[in-house]
């Protein structure tokens, strides 16, 4: 089993990735990965056995005499009975293995870090709750977690059903309007893991991703402190103009940039948007160019999403993208 | 003699063979041309029509599949936008499930059950005609809407709230929900006909242990239909009400629940899989003996496995809801019950293997399809065991792994047997054989094309590719395999086209078949190919499970039925002892008009609830026309 | 196919296509042109932009656009003053009475430029297209009959029947209401 | 294959009654379908009740008067219904005619009461999920009532034509009576839910 699990991935070359169930980076995903190979090997053996028996049956010369045929029939009956009994045993064994895996994964973790995740069409709102309201952190589309510490993600949906799935860390769980679910997992190694909405949620279901960044606890605390700060101030005239545009145009109606007049709550919080690796729910890497392209024409990039095309002059667009790039 | 011909109660005992056949032909005959087309109640004509329509929908659904593969062949391909893509995958899924798979299986049942049971027509033949027209109307509603850009775009499962009033504008979701109503009415009608036909119209002597396995499978399937389909009717009605008159079944803010939809839908949706699969295993069990030249091994275990599957089918709807956060306590129970279905499936596989083991294979095309079935279905069944495990399912649920799994089960487990069945019974229905050479080519293309198209999807799913996405970004490692899958899907499509071409060509120019070209054992091969409208000149008498093999050269038959009216034989439910001579209804256009009236009522009721009130009046009028006695000899008692 | 078959089919096609098409992106030039309403000096009534007529007034008859308008109504907190259309601190929107005229242009102007006594201008908070979407939705709220494109109820606490059951004012819930 | 006659069926009756009749089995199958529908409706009612913090949701329980009157009317109607069935089995045309007239009246009575019952529900179908399921359950049952009354009226008309005195018609009358018993039977769990459960 151990050796096979090392050998077989070679057969499925190129199976690892940053959104892959075959490349586990946490204990839950590892348990599931082990279970996966247990099932796969068992099923492969059974499948091969059935195919071999079929092949033998096809090539076999049927019994010549009536007596021989009757004997073969009686033998077959015993073999079929045995095979059915074996099926029952295998099914029971696999059920038990599933039960063990479930127990391991869903064990209670009281000291877990709590993160609230709310699915919107088609982006994610992330909240790090704290007893003091001013220490509560609101961000979007990127989750940071400390390595080695369990996290509990509390899942909710604002509109339709979504599903949160980081295959490298654990299995998925649905976000259902009117119901609350949660998911506990731990990341052991630092890294960036891609998650994607796994329940069909409308036009832009394909572009509803989020990134989970696992980092050492100190780095996580640094990140958290930085994120709690207000937006950085503009550093030059262009950025200053960008902030003015953002505050006076439709942007501010939907987005918040803490420390400015923009305080809309319909779209992702942009206070530190440039610190995030991707924009538009995991779609484009965060660069000044992609920010400008996105603001200029969101409906060509992600048709049907809820951000309208706000008409801006070329200068205004330049300025806004410069300012957004400043928001680290 | 001429006096005898005029008398009202003329019996077959009074006539010689030639005269008897001509009198029966006159009694059971359907007028040619359009009149006959709209009025016929002959189960064979309706079934063939049903099968041809279902295959037309298969091809349409296949075109949609190719469009999806075209769009997914490379990352961020801009060929099909999200709006159209969502309509395409919804209409593909709905077409394949509701307009192809279920109807085609039921239609094969309508065709073969009366022939295999040795009776002259199905029970309630007018209901049968009605069923076809309703099915056709439902299919047209979906496809006309799709062409008009009103195609449903909420998935074939139409989860609320996405399909609910707030998030699905217009009438797209209503079209889907009402299309369901059409196909459910059609399927339920056939289920009733088959249950009653199997219970009461078996040939004398065909006791429960002599019923052909395909008939057993259709019998169990019909019960599954009867118990499962009402759930989706309730669900889709509630959805339409939520959308049209503002009820709150699925609105959590007013006491409704989004998961209620999923419970209702999957209480139907999981048995649905077995509604498609059970007839297919029945086909295997009925075809296989012919091609290994021996009776099936393990008749009783096979029947019990069919019944067991039918019962277990209702225990595992939660199987589709493992990631919705249901209580952990129940999870192991649902894992166990989902996996338990592997046991009856295993019984069937092992019995078929033993049949082949003890027999002498005949390498004709239907047998090749059965071998393709073994290869793919066993694989699909085993991945089914994987998705039945709650923890594993959290990784593969709603990914391409599941797409691969259910295509293995449905194409491998149902379409391959279906193609075997069409090839096999084609000779009975047309009197001609399908080309063996083209047949071998299409088996090869379908088998290779299918496995190369769908096997890589398992890996794509494990690599994190979710279902129902219209595109994916270039930085995800899915591009190469998707391109490979898209290319291979062309081979699969070619296999289907070749099959259809073979069927069309052979229907006109195939080699003549004769009554029993494959040397089979069941009763449908005891009559001519194609069978006369009355199926059997005289009702056969059954003395074993394989009548045509065990009865030597002569077919035992019963005499004494009237030839002046459409008459068939009623037998007791268990022993099949003759009980009464019963009449079978004449041709009628009323089922067609009733279907038209029902269609108008159902389509209008997605626009206004009052359509249910005024629309039911024409329905009632047509139904009275349908059932009003006409004083024909069939009404005598 | 007889000619009238073709005619009927194309009519159906047209009706279906227009009512359910989902156009996510407007050409920027078109979006700009939608701002050009010619109005009477008193600020009410006027000629809608020609481009709107050329497009077949999708914001009144297209199901997707109406649902977008309905979404904006909630998002931009119209119910804060108008409640669910029944009127609160601001006028009712579903009784068929319009202070500044029932035509699209007047409603559009009210949203875009605001009105005295508290109606703020949304010019800088919504795009022109969004204002037209909202306008279309408001017209459906005040209409006397619903069409196949009118939105249904929301997945939220219900304070009044869904829009597709207009005229809504006469249907405010009462415990003894009968119906289909 | 050459036929060989081994049995003679000429002595068999021209039409089977009861369990030898296809329509009897067909009626049974349709009752199974609709019974499943009722079971699911009641299931939805119980499911929603199990989720709700209070039940009935935001409304007073329905006034029991009209529902109870309907229950009484339906239960009483079973007696003449069984008699009609028995007379049909005995092929007594005159009594069957009278019985069908009585059953038509007894079918219309609950329909009239039903109008008042809808008014006494104290909740509208679009108030909340409780109202929705109550209206749908009641609507489902009303549809069955209407269907069966219409069937009875048509049968009554047939019994006054030359086609009336026929074994098949008597069979139809028996099947119709069977179906009426089913309609009565399905009402009882609905009644228990709507009026009993809502008051617990």
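Labels A, B, C and D are assigned to the chains in the order they are written; within every chain, residues are numbered from 1.
One rule holds for everything that comes next: contacts are C-beta pairs under 8 Å (C-beta built on N, C-alpha and C of every residue); 3 or more make two chains touch, one makes a residue touch a chain.
Note that this is a predicted model, so its numbers are computed, not measured.
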| item | value |
| --- | --- |
| Chain with minimal offset from the mean of all protein Cα atoms | B |
| Pair with more cross-chain C-beta pairs in contact, given A-C and C-D | A-C |
| Most distant chain from subunit A by Cα centroid | D |
| Distance between chain centroids, defined by C-alpha means - subunit A, subunit C (Å) | 38 |
| Computed distance of Cα centres, subunit D from subunit C, in Å | 46 |
| Distance from subunit C to subunit B - Cα centre to Cα centre, in angstrom | 45 |
| Rounded Å distance, subunit B centre to subunit D centre (Cα mean) | 31 |
| Sequence positions of subunit C contacting 2 or more other chains | 22, 24, 153, 155, 158, 161-162, 165, 179 |
| Shared-contact residues (touching 2 or more other chains) in subunit A | 177, 203, 303-304 |
| Subunit D residues counted as touching two or more neighbouring chains | 125-128 |
| Touching pairs - complete list by chain label | A-B, A-C, B-C, B-D, C-D |
| Subunit B residues within the subunit C interface of the complex | 83, 144-145, 147-150, 161, 164-167, 169-172, 242-246, 248, 250-254, 607, 609-610, 612-613 |
| Subunit B residues within the subunit D interface of the complex | 11, 13, 123-124, 188, 191-192, 195-196, 199-201, 204, 226-227, 229-231, 233-234, 237-238, 241-242, 245-249, 251, 254-257, 260, 263-264, 267, 515-516, 526, 537-539, 541, 548, 553-561, 569-570, 573, 578-583, 620, 624, 627-629, 631, 635-637 |
| Subunit A-touching residues of subunit C, taken from the complex the two chains share | 22, 24-26, 28, 31-32, 71, 75-76, 124-127, 129-130, 155 |
| In the complex, subunit D residues that touch subunit B | 1-16, 19-22, 25-26, 29-30, 32-34, 36-37, 40-41, 44, 47-48, 51-52, 57, 125-133, 135-136, 150, 154, 158, 161-163, 166-169 |
| Residue ranges of subunit C touching subunit B (in the complex, touch as defined) | 12-13, 15-17, 19-22, 24, 63-64, 66-67, 148-149, 151-158, 161-162, 164-165, 179-180 |
